[in-house]
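The same chain A turns up in both complexes below, where it pairs with chain B and then with chain C.
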Partner chain A sequence: MAKYDRQFYPGTTVPAKNRKRFMDPKIKLEKLRDVAMDDVVKILGHRQPGEDYRSIHPPLEESNEPDCPIRQMVTPIEGAKKGDRIRYVQFTDSVYFAPIIPYVRAWMYMTRFRGIDTGTLSGRQIIEMRERDLEKVAKELIDNETFDPAKTGIRGATVHGHACRLDENGLMFDAWQRYRFNAKKGEVEYVKDQVALPLDKPISVGKPMSEAELKKRTTMFRVDGVDMRDDKEVMMTNLRIHRLRTLAGYQPWEIKGE
Partner chain B sequence: MAKDKEKLFMKAMKKKFKEDPTDEHTTYYSFGGWKQSKRKREWVEQANKIAKARGLVMMNQDIGVPLGQRVLMPYQLSHTDIYAEADDLHFVNNAAMQQAWDDIRRTVISGLDTAHTVIEKRLQKEVTPETINRYLEAVNHTMPGGAVVQEHMAECSPALTADCYVKVFSGNDELMDEIDKQFRIDINKEFPADQAKQLKEAIGNSLWQKIACPTIVGRICDGGTMSRWSAMQISMAFITSYRLAAGEAAIADFAYAAKHASVLEMGTMMPARRARGPNEPGGIPFGFLADMVQSMRKFPDDPARASLETVALGAVIYDQIYLGSYMSGGVGFTQYATAAYTDNILEDYTYWAVDLIKDKYGGLCKMKPSMDNIEKLGTEVNSYALEMYERYPAAMEAHFGGSQRATVAAAATGIACAMATANANCGVNGWYLSMLQHKERMGRLGFYGYDLQDQCGSANSFSYRSDEGLPHELRGPNYPNYAMNVGHLSGYGGIAAAAHAARGDAFACNPLIKVAFADKNLPFDFANITKEFGRGAMREFMPAGERTVIIPSA
Partner chain C sequence: MKGASSPEVTPLPEIMIMPSRMLSADTTEKLLNKLYEVKNVRQINCQGEGLPDMVKQGPAAGIPVNHPERKTINVKGKETQLTILVGRVFVEIDDIDHVQIALKEIEEICKGLLPFGFDLEVGRYSKFKPTTTDYAKKRC
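Our next item is the complex of A and B:
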């Protein structure tokens, strides 16, 4: 029997291929910027740079946990070993070709990260982790190609904006104006943290991508980009899910010839 | 292919935003915050006065999120010319919405045949049109709170219970001709001839009372009170009009008939975990809701309107009032639910779908209900709906929450599939097709609830066995998978209506409910749902049950 290669996502179009790329953990995502870790910590707003991590239980080494098969199978992530509290980073992705979109985030997180709890809505996508691990993940997600300074927002609360039109600088709407466009530098800079508390100084997250660049990296099917109906395999797979669920509930093997 | 017409939502989009509806860019943060809203300015003034008078702070628009960083857009009530501020579509601020719910909750339908049989067979007394008229006169005295038996009795002020009355209807024209006109709901007069014929055949010779209990009683007590209130007053009216003994055993038969054996409540009782009695919104099946709506009676050639009006009523009763407040306790569901009945967006998608069905699928009710056909039609309608959001950023921003778009696209798809096949379960299957495609296409859908029912809904859309499913018309908010997710129930109601409106059916589920809500004495006009909500928003709607006569004048 041929070796099965996990495909991660069907389809042949740009959004389908990008979905596959984002989900396949063997593919290293392109790093487009390097926001200092201290600045990431400030934007997250959970602790000050240099401040100790707060813990919610003793380090596992000291806690005399009972032995069990699960503990033997699962290696704890660093923050779990140390007893860190669980904190979050939450992104809002504009419908105007933000590179990644909420469900693709969830699917990507599941294949690339361990020790996460993630939740997906239309206007925000949260990932929760032990704090020190979260900071590393947040930096990765801000630095890499899934993030566009103008079309991706880092927002803990008051998240609406993903479906609003863009402002005169092409930035996604944010009622708290956590970020602004620095016309002189051509960069987007955060002036407030995730929950809109003012930062002591602006933090640049770089230049917005051009429209052409966004469309190259997009995971979104849109009529003014790639229409999903033009990706036969994606359509077929999706319709098949609906059909099998309709005809067989969750026992698709019961259906012959479909 | 459906005709390329002017989009029905264009007028609203142009009123909402100054830019062209296709423009992706605008300006923000420069509209004066909450001060741009007349209503919010009024409230700040009111809250300041209240705070001063009571010595305790009150609402303060400057707390929390900075409101009004973008245009606080007006909302057009669909298929009307009325525009309203979002605040005025919150049920707390809208007397018409309150009355719509009051008029449903206080309605009880009770048969007279059982009681007449008891009188004739058990008591050997005669029942004639004259005695029925005498009884109806008596029950219109007792129902609002009048006494008939005890001589030293506290009664209710008629000014407080002015909206309370009892009328009767039957499929038997000869019998109805004998009933005093003031007590009749005249099916022949209220309905087009073909609908009247269907209703009369379904109802037959039986005689039914439509009881409108006092609004004020429903508000003080609850929906569970209604059949008790009506049964008690019915029993009293029988005692007096047929000169019965108040304590004789036969009286129990009247009470039993009116409370149990021969009564139809608007909502079924809810299980303990949702803890509501009958005649509460969570118990209203979609088919019942579709029958309360009277659009087909007044606009018999427009089945899409009937579906959309049912969506509108469902959005307020199920989403804003039931899930929004009864279940969640929140105040924010208005913003979400209004998407389904404002700005003619769902209107545009639905009428486009009707044209498509006529052009490509042989006409309403002509499409064979196969998976292939549902997939084909569903994909076309859903893709059109999602494309409109993509082609018109104004529409995207008008429905700025993914849940709003998911609901509206799925409602259009579901209504289309129901209308094309004349089958509501096909409709709800189309709904779930839309949800799965929407998620795949846009990579986002609604809030967490959409991960629950919309990802597994295909699997139960054709389930009929009692532990697994029901015909769609008999499902309701209490159906297990539908119990707690806002933004769905309105569309489901519309789907139930669509299958039957497309067929030209006079009713979707229950002919008695259809006739009961055709009654012109109801303060809320169930033939013009969005218009009534608009009148409520404009503060032009006069509700019932006001306490003016028992409180100090302002």
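Our next item is the complex of A and C:
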């Protein structure tokens, strides 16, 4: 029997291929910018740069955890070893060809990161994680190709805007105006953290991508981009999942011959 | 309440301008002033995304938002506080016979001010007579 090679996502169209790329942990995502770690910490707003991590339990080395097979099997992530608090970061993705969309984020997080709890909503995706690991993950997600300064927002609350039309500068609407377009530099700057507390100085996250570039990188099927119906394999898989769910609920293996 | 024999209230037509982008305060000001110059325009209503003056929840509650587009604009010489980022504009025309001429003029204005694209539609999009709720809440 041939060795099973996980495909992550069906299809041959650009969004399908990008979905595959984002989900496959063996593929290193392209780094498009380098936002300083201290700036990421400021945008997250959970602690000041340089401040100690607060803990909710003693380091695992010092605590007398009972011996169990699960503890032997699972290597704790760094923050868990040190007893860090659980903190969060939340990204909002515009429907106007943001590079990634919440559901694909969930799939990608599951394949690429350990020690996370993630939740999907229509326009946003939250990750909860131990604080020091969260900061690393947030930096990675801001620096790499899944982030576009204009079409992706870092928003802890009042995330409304993903389905609104863009503003005249091409930025996704944000009622709390956490970021603004610096016309002189052509860059997007964060002036508030993710819950809208003002920052001491603006943090640049770089230039927005052009629409052509976004369409190359997007994971979004849209009728004015790539229609999902044009990708036969994706449609076939989705219809199969739908059919099995309709016929058998959560027990698709009970259906024979489908 | 009017009797059964009373004539139906005829709604006046509206031209809806749907820009492809949300409009900045400056563009809104220019657009509204130009629209009011069009003949037979009776009134203009705007709709869009709300811009709160204060953060109302979370750790930043009570802090001013300072949104750059929430500002006072001058429409027909009158200072008006803009509290939304304008997404749709409804231009009410005083008679159905004047719609075609107004539509042409409005299209020209939009071509000049909205380079990112727009759609125009004719219809009636807002309330033109009191509803049952208005009667129940004694708003009329």
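Rule of thumb we're sticking to: the second predicted complex is superposed on the first by the 250 of 258 C-alpha atoms of A that agree within 3 Å, B and C clash if a C-alpha of one lies under 4 Å from a C-alpha of the other, contacts with A are read in each partner's own complex, and residues count from 1 in each chain.
Please note the rule applied: contacts are C-beta pairs under 8 Å (C-beta built on N, C-alpha and C of every residue); 3 or more make two chains touch, one makes a residue touch a chain.
Predicted model, so just to flag it, every value in this text is computed and none were measured.
Steric overlap between chain B and chain C is present once the structures are superposed on chain A.
Of the two partner chains, neither chain B nor chain C is touched by A:81. Once the two complexes are laid over each other on the shared chain, residue contacts for A:207 go to neither chain B nor chain C. Contacts of A:168 after superposition on the shared chain: both chain B and chain C are touched.
In the superposition on chain A, A:158 makes contact with both chain B and chain C. Of the two partner chains placed by superposition, A:112 touches none, neither chain B nor chain C. When the shared chain is aligned, no partner comes close enough to touch A:216: not chain B, not chain C. In the superposition on chain A, A:20 makes contact with neither chain B nor chain C. Taking chain A as the reference chain, the count of touched residues is higher for B when chain B and chain C are set side by side.
Look at A:33: by the touch rule set out above, it reaches neither chain B nor chain C. By the touch criterion defined above, A:177 reaches both chain B and chain C. Superposing on chain A, the segment of chain C with clashing C-alpha atoms against chain B, chosen from 7-15, 43-51 or 97-105, turns out to be 43-51. In the superposition on the C-alpha atoms of chain A, the part of chain A touched by chain B in one complex and by chain C in the other spans residues 158, 160, 164-168, 170, 173, 175-177. In the complex of the two chains, the chain A residues touching chain C come out as 45, 156-158, 160-161, 164-168, 170, 173, 175-177, 180, 192, 195-198. Listing the residues of chain A that touch chain B in their complex gives 93, 95-96, 101-104, 119-123, 158, 160, 162-168, 170, 173, 175-177, 219-224, 227-229, 234-235, 238-239, 241-243, 245-247, 249-250. Listed in rising order, the residues of chain B touching chain A in the complex are 19, 23-29, 65-66, 69-70, 371, 375, 379, 383, 386-387, 389-391, 393-394, 396-397, 399-403, 405-406, 429, 432-433, 436-437, 439-448, 451, 456, 458-462.
For chain C in complex with chain A, the touching residues are 19-24, 27, 49-52, 55, 57-60, 63, 65-69, 85, 87, 116.
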